[in-house]
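Look at the two complexes coming up: chain A is in both, with chain B in one and chain C in the other.
And now, the complex of A and B:
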């Protein structure tokens, strides 16, 4: 008799719900009747269309309601089985409700039908009552069979109810649509309803993406609701307001379209965007990330170029004293004959050396031209500014990337990560997709093997030995390359002492050639050696990058150390020449005085004046040569290693005894890490040399521009997608960190030379000063009011500077520790979230 | 005489040289074993490579036992000289495919010295028939001896001494074949593609016929691969493995199942 218990519990709540139920059904019945009448009048034309449009809504809104109603109905039926007294009570309630409802309605036309409907409803309930009484009797007769029969009756009733209800719902829909077609005839309530419906559709469209439906249903719903909204949005509002509303809607649509077009336009304005996207679709995101990096670098170099070109080179060329006016701006008499030879120009000697391209050409005149442009100050500030700007940009980018990367531990859920996140969705080329597929499967295999090995761990000694051996070999290689460069630089100094003209082109360019060749070939050797170590590919890539980094850095610093030796040599030479010049001037003066004291002083052509070696120009020249030879090596490698190889493989394959394409030489892959490192070190050289050769940023912009096109072309025409396709997202900040390190390491020697070595006495914008930064003092003293220089001298007092630096360090430490604690809190929260899930 | 290139620049090429040597060491080893040793032995013994292999097998294998013959072959090919057989690793894949398929009519293109013939015949069900095609007369004679040594008679294995492009069109008329259940290709890599097209044209391939081609990656049969990719007649995949008797050279064996024109 558990059923009875449940009945009684339901009974208590039933009063109110039953009441409501009837109240709700009333207007529906009314509307149905009204609809029928309309149909009779022959207005059912739009039925089909409106039904279609309404379907989506019906699905959405009616379902839960239906379910609810079903529940209620069941409860109701159960209750009916209980007894007559209750039914009578209810009927009175129903009647009262009905009357109140009818009173509310104002349209008299419909009252009749309503009443009729009310009667029918009454009849319905009476019928139900009868059933109920029958049931009661049965219950009294036989308690055991009761439940079964009752259930059967329940089902029947439900069916009956459902059909009637469905029809009423259909009618309701039609009714709604009918009304919406003619908005003028709508009452404010209905308008409100319509508005709500439209809003609901809009919400539906917005939230459709998150709904757990099949795609087909989503599409159908979306289309229908869009149609609905489009159709009835304009119907809201009346007269003037309506027009205004339609206008508004039109304008928002146009505005949206304009915004979309503008976005497209903006994308089209990003340089090389389409090229990069195309490459991305063929080669995956890692190769594309190189080109994005290249483009970013190009942007930075454009700004560096703008600074040096606009504030240093152009003012000097336009407003400074012209070529040939003073010794430092004239080719010396001895070199005049060969100053225009191509070989000399190619080595950046001759006319190229005595031009705005190099430090030595600039005059130390404090202000030039009618603008009173402070040339030396500008030169110094641009030199400092380029470096400062680079630091700022690199650090800012790093910070932004760090935010994006977030916190995540790679070790847990290894297989889940592989399973669900290893696909690169930007791949659009079947071959790359095949490769990616293969690489995922191999990565799975490797991961499983790794897992097994981490459990076995038997051959650890051999692996350790091999790793140590590999590192030893790499160190040998690094030492060898360092020694070779040192040897070559020493030899070149010897050649320089002998006089460069006595040696061949090969010997003169030995240093650059050797550096470029070593930078090209040693990474290959490292790559081969690293197969000994049996690392995971990601770890192996990091080792490889670290080794290449060490190699490049070693080469660069060997070069700089050799350059320092040369600077010292030049400075000693300068001392001698300086002494000689004073003697020469004195003799000249003496001779003029002795001959004729009243005669005007003898004018000597600037080309004949003896001059110092000007070490700054020499450093600038070295860097320019290095950049040029580096660029040439890159391009030649590209042409031979990629293009020529591809051509040979492609066309020799017709008449060769094995498959060249799939087998031995094959096509080359694009080496992302090597190229990125090359780019980074190239930039490092620019930062190092830009102070002594203002033309370097311009050259670099040219180089990057050409390499963008050349490498894009080479990648698309002669490379094949990598066998191991790496995801790029993780490595971006790694590259940035390298760039930062290189920036620091390359500014170090530049700053060292600027601060410690006095400038040449007869060339460059700082000639005649003790140190290059004296130009700031000079400016402060002569161009600013006295109080300012006083304040500045106080501020630059070590007693003030040291506490300030200390404060800064403390602030940095504080910020760092807080950020660390935040990070930890983040990780904790993440862990909590995971446990909650 | 002034030097053209300074020694330092030449030294800078040393890493490149080392890299090439280390990276392609397997190819150098292969070159040494397959070509230099062969020429040397040819000159010294006056016999062909296949004859030397036969002599070794005669002295080291049990007659009538295909397994021991295959083992002897493997030992000779990996320890003494190099012959491009299918090898033990890819042979296992072939065995598995044959077990799954249990074909009744098998065509083998390229018998060479009969290693693969013995291997296939060993795995065939009772009453199956294997037709083996070899172009070279001397190789065919040795292959015949080896097959008979392994204990397979004329009813089971039939050796056809003719170029494959002549044999295939006449298979139906001369040998009374209606359908090929299994085709194994291991002859000239250049003729993979034309022979396959010829087989398609002859109508001997039915739905479900399997074609297995060895060495599609090294030395490689690019046209063949392109053809199967484009034709759409096959369900295919490539079993990736290494070249026989060598560790570092990658090779593959193509497995094709004829689907017919849809």
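And now, the complex of A and C:
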């Protein structure tokens, strides 16, 4: 079975190899009724013909010269019947090009008839083409009717549906035998046919880019089809419908143009595309996948930032009471002196604390400004909305990835995949290419070895013991780091009670520093321990990632638990302060009254009013500090670990005993998984803290922006391509899954605090309420008509909610069993495929 | 900025947009890169052909083990010497672009891997393919026994009709299952 593919003018064996083609040519001069393909068709070639090219030539017996052109355009493959089935449907190939114009004149009734029957045949055949449609050309009847139907089957590719046919004929190019179509003289069916022809042409035009033809051919086909469509489109609208039709057509054209421009615009808008492409070409797709992930995160954070900024921070800043008007918005008198100090500001105290950046600033007034903007409600809903949006985006991306990754991951095509798809076409750098070659060779050899001999474990017991030992060590590490964090947080609480000024900088920032340092050193420790285990590298990588994940998670939760302790402390404090405040107010009142009974009430400057503790702001501040220190640690590690190392290796190499570049330190490789994990955990912290510190998404946007540039520069400047090159595709869904887990785990604490802990009485938009979500209740009662709240109360009746939940569980079960049965069917079909002979 | 021949006309540009998977900026960028390869006088002629050696100096192709095959497949010259006109170049870029469909990619991939242009991938083609992938130097090549083993494994996996060669539909069947291909 050989298929000849040649780009140059292919043989046109026009007349000869037909048997499978159908073509209807337009008679030009010669062809007239008599010469119809009918003869050729006689054998129902249509049905039998395969679409493969080869026979695709049109038979243009008439115009050799035009054929020339056509030839050039067509690359033909002879089709061999390699078992291609030809669908009948496919038979209807369309094709007609300019010849239509020319044909007009020659149309004679006969052709019409022929067309008539051709058409009926065609009607039976459906086109299902990936590319587009089998186009048939209908001819327009009437004086200028021309029927052109040619089916050229150039099959360039075989598709599953085997519908690659192309119609190519266009031998004729233009002649100008234009004849005016006189629309009025078209009868309804002819009009129909004309319309169908035009539609087919349009589909052809749309499908052209998916056809594997050479550009010249596509250009010619496009131009011809466009002319045809233009000419006859106008003719189609007849009579009174005509104006509307023409209008519709024009709008469709404009719409398509707009769509195309919009696509162009969208692609131009994607930020950092050139940077990422450059990295891809140097390092391959796995490193680039980190940057693509970073960019995606940036997008999400932008939206979160938009939500919090636009709906929470701006309204409060513009329409709320200004700074200094009420106690909660003012720096207390005691702190006023130091409120502007840089150290205090860096620590997010002072003026930074009493601003829209943190929860405590917001007023609990129900509606503010002339818009009657419901501030507390908005705050609550934005908090819920950020979480909901994040869930939606992550799940949607996961679903899309799952779809794209093919029908399950079976290992049935290991070798073929390695062979056909292992080259990373994005690589443009020789060094990377060399590495890729080496890794491909290694992977081939490994795969062959594995296939050939089963691996024998020399000493299973020793390996098992070592693995158990390694896991034990790792657990010890994790426990140790958890305890360390707890201890440090407790200590910092003690420090806070003593007054922060008495301690050194280290002691003040102990918690954050310890967490960041742990995050930096423990993974290396895990790496060393994992050498005990002797796993296959890919498996080892998964274990490593799992352990780092556990480490970060443990750290985060310990941190939260410690925070909870602090919150409880603050709440105790609150009770005391409340009592004190009532005493103070009473004394104030008493003193004024005692002076002069008609004296106006003394106005107290808000800064002097004793303030209640605000645990929410404290939580917000803690998170912000944590993120800042985390960011700083990452950047410093980057600079020292990568940049400084590279500088040292490069310059000390001249005067060092062993080869620094090849030996011990050498240049660092880009640690994709470590960086991705860092990014994911960072995002988790944002999700946790965003409710209490609306400034967090803004900070994160800034951070990601800087990270992108810094890391792009660092990777190009200090890193070398990895030796063991892994493909990016397998890990994509893994990272998404981790992101989802983190999202879930980080919203848990926030939800817990919202639902169980009563808000502070003195700060924030929910002050004075018993629970934060009471704001919803309040809104329902006051802002919505009475019947609404009744409906709502019915809907939240347990009697209704429980059956609903039950229904959802049933739906999940049903969908799962359906998908299982599909999978089994899939396996069956695959087996059948293998046993076909 | 040069004569009209060295710039793309607006109609031509929109037609190219219609016919390829590239966006307008990409087409303009491609045009710029392509004209950089031409000599001064060639720039004025429309539809010049650039010989294969010049195309292979492009950095994106230089490290690619299949570069010669790529040029040969996309070339429309009669002598089959691998020279490309601008339109062939656009075809090439379109097939490799991110938005190209699986069918186009697999079709062209098949043609690229088919070293002897006979329409199927037989043992000779597969062997040349493996050699291209494992690099030029001797220590990275596979030994003959390994090669034989590899090829027989591949044929076992992908050759459904057991005729000893992989044809286009078998190839597409294998490729469509692979998660790595579309990227």
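Throughout what follows, the second predicted complex is superposed on the first by the 536 of 837 C-alpha atoms of A that agree within 3 Å, B and C clash if a C-alpha of one lies under 4 Å from a C-alpha of the other, contacts with A are read in each partner's own complex, and residues count from 1 in each chain.
By definition in this document, contacts are C-beta pairs under 8 Å (C-beta built on N, C-alpha and C of every residue); 3 or more make two chains touch, one makes a residue touch a chain.
Just so you know, these numbers come straight off a predicted model, no measurement behind them.
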Which superposed partner A:216 touches (first chain B, second chain C, both, neither): second
Which of chain B and chain C A:205 touches, first, second, both or neither: second
Which of chain B and chain C A:267 touches, first, second, both or neither: second
Larger contact residue set on chain A - chain B or chain C: C
Which superposed partner A:189 touches (first chain B, second chain C, both, neither): neither
Of chain C, residues touching chain A in the complex: 15, 17-21, 23-25, 59-60, 62-66, 75-78, 80, 87-88, 90-91, 94-96, 101, 103-104, 106-111, 113, 117-120, 126, 129-130, 133-135, 140-142, 146, 149-150, 153-154, 157-158, 160-163, 165, 167-169, 171-183
Chain C contact footprint on chain A (complex, rising order): 1-9, 77, 80, 82-83, 130, 156-160, 162, 205, 208-210, 212, 214-216, 218-219, 222-223, 260, 263-264, 267-268, 281, 285, 404-407, 409-410, 412-417, 419-423, 425, 427-430, 432-434, 437-438, 440-441, 444-445, 448, 451-452, 727-730, 833-834, 836-837
Chain A to chain B touching residues, read off their complex: 477, 481, 484, 487-488, 491, 504, 506-507, 510, 513-514, 517-518, 520-522, 524-525, 527-529, 653, 657-659, 661-664
Touching residues (chain side chain B, partner chain A) in the complex: 2-6, 8-9, 11-16, 18-19, 22-24, 27, 189, 217-222, 225
